[in-house]
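Each structure below is given as structure tokens.
In what follows, chain A forms one complex with chain B and a second complex with chain C.
Now for the complex of A and B:
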């Protein structure tokens, strides 16, 4: 790379903005359709029940109904799931959550489809409900799956833990709870399926893993994947919630029975909430030890993640959380026991941050308390313990790539929110309000992790007139990667961004570069495009033409292939962490935030006034895009910390729509000031590493720290609603969950967990998703 | 009843609208801004065969002052309320509540009559109307017009004394005194677009106090003990304010739901009164 760059590092306007701003039907659930029919899914009436009988006769007889399908109509494997296919496409023996699907209907109108659902008769025999993840570990708990309620157990022990605790000057030990945050993307799950005249099945569905989706659909249909084409971009928001199949499987089945007519499914907000993926609620008991001089000595944690009825990505979420249990700090000894547990509480899976926010709030809150007990400045104490390049992380991973924690901490220290905190706190107006400032530091493993095939690929096609088409599976889910890809291509090809068309998420055109998850899209796509562009440049040279337009003419004349492909494999760590599937990661993103809050002591309301958000991006490809991601991450982090929770009682959802599921509005999102730090990553494209998930991760601990700073109470359960903050300030007993009874249950859970005979041995129990069919690496 | 089986009629006059209601009684329902109606219909409730659209009826648009009454038509939207010069002068309390309703979009469509018609204890214009001791105007073809004190208008959540053949035409009240101290307070789960967990309308003059709470009982309610103490108090120091605010605890009867517990709501009635009093009295 030359130092003089035309496109990389420039705040280029988003290439997808004009159409979106004008309200054009860019999203696939908005597209007008010719002669469509409408699909609906029959969901369960119980969170846990045996299915005794399903009778579709009356529904099929309703005029206007085109087909009614049940498990009997699933030709291939009646199961799906990214890691293990434990979720039935259509349930047959029992239901395990309210969102479980029992039947599909296609009809002439949405109303007829809805009426048909009411006519399907299902007899259930309700079963005892498993609604508490900790209780689910105990022997004698009712089982969600016959194989046992523990989906994954991961235990990592390192160093002399007992000795460290014995010698420590300060030990902080608390139990934290985090909520079942919903993604609440604007575009709920939906799409269109159609059997094409050429016998191919086409699916238009906003998604995050086109090729893997295609494979999963092929498996349940018993088809050759090549006969299926998924168009999966753009998406009206995803955040991880569209990583798993959402409706593709239903569309596929229905499309086989609608005589070639397109069939559309678009979930209502309520159905999306009940059936869709959520952030895993965590219980984290964390015990942290430090020496009198502030050196961190040991970290011990017991982590229980509620994955709901099916695994989806629950295992990897747990393991990523465990990987980050020590944050950006040195811990010479570690003892962590983690469980990913089945319950009847809906289903959890991928969500921006992927388990890390859930443990970081515990870690950073514990560190704040250590600072207070030692009389230390919280930022200074953190600085003292930062991992340096070459150190081992808490789980024992040698940190050999760009370590940005020092840089983000320094930028945070210089941010006005932190630097001028005394004046900002004093500027409070009403006598019953108090202000405080808190901080959080984080890192986030990028890419899929050790041992999991992770690769990038792209195609670049030369078009008449010297323009280019770039094809890559990684979707535009709102993050701006389409623009970044155009920038990468324009830079490498020496053309204008406007001359590059980026085709994303189309299995019929785009190369398989894997998923848009794990903050991997800039790294993966950028690298793949750069490698592919070299081949294009070579092609152009071989023509000897002066311009790309002329090169195209020459290439056509000589019959040269005008489409080139390139691919690469993600760098990964040398050594795996024993017993922890997918760990460690090799490259990490870093972030730090300071939050200024104002607490109303009369009501417990918390207003976040400002957040300084520092992100280490490696090279920033599009700084304006980085700011957008930073602000969005903070907004979602404010929701996580203060208001968002899908409330599930006895397996049933109490706030399934947006009048009761509360997300921040413009009146709640603080002023966000973003500071970009560029710690060059040698292995990344142009030194970039990616940052999409990072800004949600430190927000919750920063806000919790600020609440403490303001009113002297530590919040242990998120979201910190006005009621919870108020009760904590009042010292109300209801605010104290960390009781001897809970400690006794935790002790029992730890014993039971370690003693449990697992169906799958940890670390090796996962069935691998198959690699891409057209793997070229 | 399916959505496609419902019919919306748009009469051109009040008389015509009342005829629809008289002829179809329980099978017809007024439709104003539809901001509540759409939500309920979507949830499968309120599936009325006939909807009588009244939002544009000229007879329901008035905002005027005469003979000691300020009158606001039922189809007046929040947007008009909160921008009205007349309201700013005669009922700033009501205008403040209108400003806190939903969002700009909801304020553009939602009406005062609709808020009364839905009869939610969390309806945000209702505590101010209680504090203003307003009257609700009802009109039918057979019975003509009658005025009902707002406190007797509500029977419980979603229930009012309105008969199926009646329309709410307007509310009327005496204007707030020029030097009067007043406060509207709303506690929701976020900064905007929030359903009230507790709300408060407060009016204070020497020897006079009105305190009305929303969302802490089956209907909006007046805290008459607090009112009595407030109108009798001679000086307002912090201790007096706190002890009077604390009395609200006994006057409210909230329930627990997914938004907040009853215990918290009860505490918050006191907190909002304390905060409101401290703001208007600067203590």
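Now for the complex of A and C:
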């Protein structure tokens, strides 16, 4: 953009900072309540069991208990789930994970509610569990759902794969494992439900999809959605973990039985960890072929994602992972078989990166090995294989929008972390420590993808004195979009940011612009606000007034509507990828990182010293906000690579609290230097794309590459804990998981997966995955 | 049990259960919800308040222990309507918060720290912050905020 802009591209201070800094009750779980009562959820005692009996008589009789509810009290559909409603609101026939809900209690105090939970009698008949995703595919495995353990199978084949591998000079083939990362947002799931005097149900709950939440709640109540109002912004952190219903369904049911009193639920940290969604653990077997001159020839992968007991967004997570299986590189041939499977391991769902970090670590690590075996510089080898605009991506998507991989690679090459790596590595002080530098490149599909309704909408209201209220459903979960929206509005309306109040996440005021997911909030909100602002400008003109303040007076005098609405549909790819629901995406964000690490050879401990983080944002709306997202993404990436895993054994959680689920502190997070590159996206608002997920993606491969550079061992399982790094350095056999036995199981899993007869998945828009017979035809 | 405690300069006398945590006392009895509870185990530091000027985790402290003490919460840090404490202002300027849920704990940890260490190095700041968890920012801008506050006079 050549025209001068006042607000776009400026590091405006967060508009929500003062209230948050002063400790004002901006969060839903801090809401002051008049005469509240307190709700609790009875969770399962077993990861998999038949329910024989639920008796609530004693609990109901406890003084101070207001109501005890079971599945019999769910008036509508006893199921929820973003894509398919396979998760019971309250379980009735069996439980499938430790976080499953069986009953709800509302009581005068939290203590009475807790005591009442203990008085609910449940008889279980424990069932065999399946706690290994690969095992879940095999015939004879215990079934989590009667329809089979394979929730989604996605197979994409392109080009002459066998021939490519036969002709390759180098073939690298490894198996990688990534952990069940927990979101660990500081504000656990919670909120308030209340039946209002006008008969409406109001829910205050930090969330990521207000209108979809309302639809899901309406469905389980058997209500008209218009009778329900959800307030869902801001949130004390979300990262995808509040995309699914968290407690809205429980609040709704309880609020129908508390006589109009507000009922509050606020999950404990342990309950949040056990019942809430996690990052899908992945097993990725990846085989990559390259020619002697370094040209990538073929990519073959077998991907298994553990979605736990229920689908949530497991299908889309698998498919986004598969879409990015070739990263930012050209691969003329591809053979990928992906499975999203049910187990009794809690539940997985959306988490920043949405499957992409899980496969990218495999790809980038394989590329590093190809570079070593060909004697090539790893950055140079990557450059040689970059997708160009107009190329097909690995899955066959024509890349017709702004491709930023070249720009991020060049910025990375010029970053001090990469450029001065020799000196930085030599600066190690202790003789038992070794330093290394590694890199990772990524892209990340923005928006919901082909065939999935994706749209934006906003309302703008003219207020007295020429001020504005902007309503948009997309929530402020910490990313800074409230500030970005104020900037978009101020720019388009020609006013000051301070004159714009942004109302988010309120179904009673904000227009439905979908979810705060998929790095779509800047694009969606920005575009919606710009389109809506045009209507406000037209209103100003129609009044003939010279200022908005005057226009307001004229509009009132003439009885004109002072609230305008606008909407648009997201651009999407022309052709879908056959057999892959939601693929491809049309617009991608790009990132690249270099990590400098220091490995203690005596303990295996890895300290990340610095990370250069390059982000292609399209036009950067608020550079300070971009830097903040970049630094936060890297921190989560460091946790993913080195520290974090929700350990679930036989379906039970071993580290559900922050005292044993360790996330990075200020002492663990490196110095992050962010480099913003702006590859203009003509379809985006002011050329912007979005970037929130991008920075978590390249961190893990960059760190793994750096560990190899430092001590000469490749890590195949994240997190790379000191024990794992040490054992790998020692050449201990326990460090080698890629055994003939595992390869045999993988071969068996591939056969079983392709042979499995899949049930038509019920629900909205899920196509029957393509079977092997179709592939041959 | 009866407890009399000064919170943000106001005396409160309340009859409380002996097991009532200070965090719950502040949030539920007094309605001071600026103090957040993130982990309930003294790990995350979100619930940090000042007790007689020292940073204390209110989730690990019983309300009855506060008898006769002076407690300051984030609400007490803010000087007057519309204004921010210098440390709060530094957080705003340096973009030292995102979701903001952990922020009160950082502020209350830093107030006594900066009083004792007016010119900390970056490494010292990171050490001082390492008992507080932030899941959004990656800490870098929090460190910058502390440096900014220190440069402007210790954030007092």
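Simple rule for what comes next: the second predicted complex is superposed on the first by the 759 of 777 C-alpha atoms of A that agree within 3 Å, B and C clash if a C-alpha of one lies under 4 Å from a C-alpha of the other, contacts with A are read in each partner's own complex, and residues count from 1 in each chain.
One rule holds for everything that comes next: a contact is a pair of C-beta atoms (placed from the backbone, for glycine too) under 8 Å apart; a residue touches a chain by one contact, two chains touch by 3 or more.
Just so it is clear, the structure is predicted and the values come from calculations on it, not from any experiment.
Visitor: Of the partners chain B and chain C, which touch A:631 in the superposed model: first, second, both, neither?
Guide: Only chain C; A:631 stays clear of chain B.
Visitor: Name the contact category of A:667: first (chain B only), second (chain C only), both, or neither.
Guide: A:667: touches chain B and chain C.
Visitor: When the two structures are overlaid on chain A, which partner does A:24 contact: first (chain B), second (chain C), both, or neither?
Guide: In the superposition, A:24 touches chain C alone.
Visitor: Does chain C touch more residues of chain A than chain B does, or is it the other way round?
Guide: After superposing on chain A, more of chain A is contacted by C.
Visitor: Have a look at where A:659 lands relative to chain B and chain C in the superposition and call it first, second, both or neither.
Guide: Touch partners of A:659: chain B and chain C.
Visitor: Is A:479 contacted by the first partner chain B, the second partner chain C, both or neither?
Guide: Once the two structures are laid over each other on A, A:479 reaches chain C alone.
Visitor: Examine A:605 and indicate which partner it touches, taking first as chain B and second as chain C; both and neither are also allowed.
Guide: first
Visitor: Once the complexes are superposed, what residues of chain A are shared between the chain B interface and the chain C interface?
Guide: 659, 665-667
Visitor: In the complex formed with chain B, which residues of chain A make contact?
Guide: Where chain A meets chain B, its residues are 109, 111, 115, 430-432, 600, 602-603, 605, 607, 643, 647, 654-655, 659-660, 662, 664-668, 721-723, 726-727, 730, 734.
Visitor: What residues of chain B sit close enough to touch chain A in their complex?
Guide: Interface residues on chain B, with respect to chain A: 2-4, 39, 103, 187, 189-195, 197, 258-261, 263-264, 267-268, 271-272, 274-275, 278-279.
Visitor: Which residues of chain A touch chain C in the complex?
Guide: Chain A reaches chain C through residues 11, 13-14, 16-18, 20-27, 30, 32, 183-188, 234-239, 268-269, 477-480, 624-625, 627-636, 657-659, 663, 665-667, 669, 671-672.
Visitor: What residues of chain C sit close enough to touch chain A in their complex?
Guide: 27, 31-36, 38-41, 43-44, 46, 73-75, 77-78, 84, 88, 91-93, 95, 97-104, 107, 125-127, 129-143
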